[in-house]
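Below are two complexes that have chain A in common, paired first with chain B and then with chain C.
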Partner chain A sequence: MKITTIDYWATSKDGFLHRLSPRVKAMGLICVIAAVVVLWNPVALACIFLALILIAVVGKLPLKLVLSLSAYPLIFTALLALTTELGSSASISIMLKGTTAACACVLLTLTTPYPVIFSMTRRVLPRLVNDALLLTYRTLFILGDALGNLMRAIHLRGALSWRHPLEALQTVASALGNLMLFSVSLAEADYDILYMRGYDGRIVPGEPPASDARPTARSGNRKED
Partner chain B sequence: MSHIHLPDGILPVWVWVIGWIIALAWIFIANRIASPKPDILRRLPLLAVVSAFMLVAMSLEIVPLAYHVNLSVLAGTLIGPLLSPIAALIVEIVLAFVGHGGITVAGINLVLVALEMTLGSLLLRALIRLFGMKHIGLIGGIVTVITLAISTSLMLGVVSTISGSIPNHEGGMVSLKVFAETVYVLGPIGWLIEATLTGFILRYIASVRPSLLTENPERKGGRHENHDD
Partner chain C sequence: MESSPHEHRHALRGGPHPNDVAYVSCMKHFYEDGASVEMCGLDFCAHKGERTVLLGPNGAGKSTLLGHLLGLLRPQEGTVRVFGLDPTRQWPAIRERIGVVLQNVDQQLIMPTVYDDIAFSLRQYHRPPDTIEPAVSRVAKLLGIEALLHRTPQSLSGGEKRRVALAGALAIGPELLILDEPFEGLDSIARKTVVDVLRRLKDQGVSMVMSTHDIDSIGEIADYCYVLSSGGEIVLAGAPGEIFEHVDVLRESHIHPPILAELFSELSRRMKKPLPMPLTIPQAVEELMKPRSE
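Presenting the complex of A and B:
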């Protein structure tokens, strides 16, 4: 997964897909998923997939990234196709179904910042879940950077040799353990921040300005705010 | 291999609809219990960082096997069974939007991951109470293998429903015997990697901050417990 890369493309680029209304893109995603659920014809599914790839090319999205992210369902579907007596048509169909649906999701996330997507999910998800989604999104980058630094330090010290897999796993485990302790202290700091800013049980995401795409806690009923 | 996030369009509609019904009911109950103030203020940051921790851990790929760890037992132990389905929902939503598991089947994927977290958390805490911290690494490893074996078997049970919905090339029913055998051969490799990693992490935490494994997870996440009381 390349969440930071996806976020970079969603927030920093400005193609026609980026300018398209998020609602239109969400409707497009729903239509593609409905088609994927209903259709079993490999030709029709291939046409939808190629149309999505064409949209990605016209929208100047990184094709390699789109294809690599869309290919993840192939692990499951190819295994299913290879180990069952589905026949060539059904095998191709199930591989195209997963890949096409994943491609549609990837096109949405590569062209729409997460806070905007979460402002749409706000209507259907409970408050706690949506607020946690927004905080998770913010925390992902902090933890991602921290883990990146830890792994870089491990690599620089040559402590990750796959000739000694158990020692390598122990080293990675120490890094993840360290990250987990950092996560707990981050949660404590977040608690302090939310308390000080008067979190009243709701974070309101909106269309982010270009300079600041991060959500903020809504001013609450505390006078300090 | 232990964590195959099911993609869209494969399962019959009734299966993923039931998956969503179970998932939403579980989320509704968890949300009703977790949301009242002032608890929400304490739970929200912990929920967010644990979800982010799982997602970041998943980004560490074990290259030759195309496998990634979930650390669901560890995450479940940190936040407890109550918040586990909500954390699983957050993880599945983010994953679905990056093409890693489908949107229609996010309900089923959620139930499987939440089950791993809940079961793992309950088992691990029960065994810690029984045996203490002395063999925490081994206990964590065993619990991880048990929970992953259960969730993989459940996943196979869910996948077996397609045998009635997709005809094979001879027009008969699809046999999933070879698929199941392949999963049970390749799956344990993934279980062992995740179990070893979880065991080592638990041993590390037990030596640095053991209170994280013994305290009630519902009380973690905030230093000032009586702000709003």
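Presenting the complex of A and C:
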């Protein structure tokens, strides 16, 4: 789970992409997605993807992280390309479409603190959807930590042995089942917390303080206690 | 069971007293997994302006009791009242008067920045927008977290998160503060800050109900204590000094008495005369330096 790393890059770095207005970046993202939807030419799509990578390099973003995050949709687009008879050009285009759109999203999220992103989405999305996205994003941090702890525990207790792949798979499956139960209890706890803190069906948006500055996380992912 | 000198506080109550901000009588809660908390014995009552502490071993039902006070759990039997109302049914009527810090503060921090999180309840309760920033600044200063206001909660350490959660609870200006293990994860300096803040809040008339298993902090943070046995029964109630005199009951309840209590209990036994129970090291030193005839 790279969510804390994303948060760290978005809030504690100061490249030219970070300094760029969030609106400009959002417009750029919309333009890229529109182009990705419209274009079917693999060369044109590859050019857009390479241009985004060039922007990431110039913006001093971690290339490995950008590429690995952008590659997530490849799993699904490759499956789609393999299971349908689209032809090689269309298959490559589909894979490039997913990767390029994801790359544009990655550039935005790695250079814009998520409160700023949600303050933009608040203007265009229904309130309930925006509230749900905000809470989901926060929950991902908690679940990410829980998953990390779970995998560490499995590893430390010697249950991930490649000599016994079936048993390892069974262990991972039951651990993921536990994580699912944890996420259900987390959802219940979240509702309790919201209820106790005054939630009655909607999160009331607020203005930032007059002395506002960009949210920062100078100490990155520090968690000492 | 030994009786507390303060048992008169609980005798013949037959219901909540107007001076009680929280009152629990013979509450029984049965969990779906078969575990149960049966809080019979003495009634629990937190008086206005007092710091009331629940002390008990893990699993004694401290968090269960707090869950009932917050209306999150419904008792199968018994009475629970907060400000004279049933919190499960009438929570919206009392929630603006109550600040809460839960044991797991990770779950409590909801908003994207520390500032927004402290301001969350103020906004939800539709407090005037021009009062929000001063209120957030005030509590941030009080808890020494001004430098964190623009940070994302996920990037904070455990102790910082706990102080942010406390700031969120204090920002609404609560009449009652409910704190579940308020010192967990705090280093000694942060702990002292929180103890001082709680003392100041008491001076301002804020009532508090806290749970803890840290008996060493009781002398500093409690005006009145309830000791729970592992089944949830209230076995002792009284001021901290009175609680510490019952070292045997504490041990039976799986609570290790503070070292000062053990020392003075042993001194009393050997000297065959009762000694006043000190709550702090300076009090103990003062007591030991008193000239004695024998």
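The rule is short, and it goes like this: the second predicted complex is superposed on the first by the 159 of 225 C-alpha atoms of A that agree within 3 Å, B and C clash if a C-alpha of one lies under 4 Å from a C-alpha of the other, contacts with A are read in each partner's own complex, and residues count from 1 in each chain.
Note that contacts are C-beta pairs under 8 Å (C-beta built on N, C-alpha and C of every residue); 3 or more make two chains touch, one makes a residue touch a chain.
The structure presented is a predicted model; accordingly, all values stated were derived computationally and were not measured.
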First, second, both or neither for A:Q170, with chain B first and chain C second: first
If touched residues of chain A are counted for chain B and for chain C, the larger one: B
Partner chain in contact with A:T136 - chain B first, chain C second, else both or neither: first
Partner chain(s) touched by A:T121 [first = chain B, second = chain C, both, neither]: first
Touched partner set for A:S88, first chain B, second chain C, both or neither: first
Touching partner for A:D7 - first (chain B), second (chain C), both, neither: second
Touching partner for A:D192 - first (chain B), second (chain C), both, neither: both
Doubly contacted chain A residues - partners chain C and chain B: 134-135, 138, 142, 186, 189-190, 192, 194-195, 199
Footprint of chain C on chain A - complex, ascending: 4, 7-8, 11, 113-115, 118, 134-135, 138, 141-142, 145, 186, 189-190, 192-200, 203-210, 212-225
Touching residues (chain side chain C, partner chain A) in the complex: 70, 72, 91-92, 95-96, 100, 102, 104, 106-110, 112-113, 115-116, 119-121, 123-126, 129, 132-133, 136-137, 149-152, 154-159, 168, 185, 187
Touching residues on chain A, where the partner in the complex is chain B: 1-3, 6, 29, 33, 36-37, 69-70, 72-73, 75-77, 79-80, 83-90, 94, 97-98, 100-103, 105-106, 108-109, 117, 121, 126-129, 131-140, 142-144, 147, 151, 166, 169-170, 172-174, 176-181, 183-184, 186-192, 194-195, 199, 201
Complex contact set, residues of chain B against chain A: 4-10, 13, 27-28, 31, 34-35, 37, 40-53, 55-60, 66, 71, 74, 78, 86-87, 89-90, 93-100, 102-104, 159, 166-170, 174-176, 178-179, 181-183, 193, 196-197, 199-201, 203-205, 208-209, 212, 220-224, 227
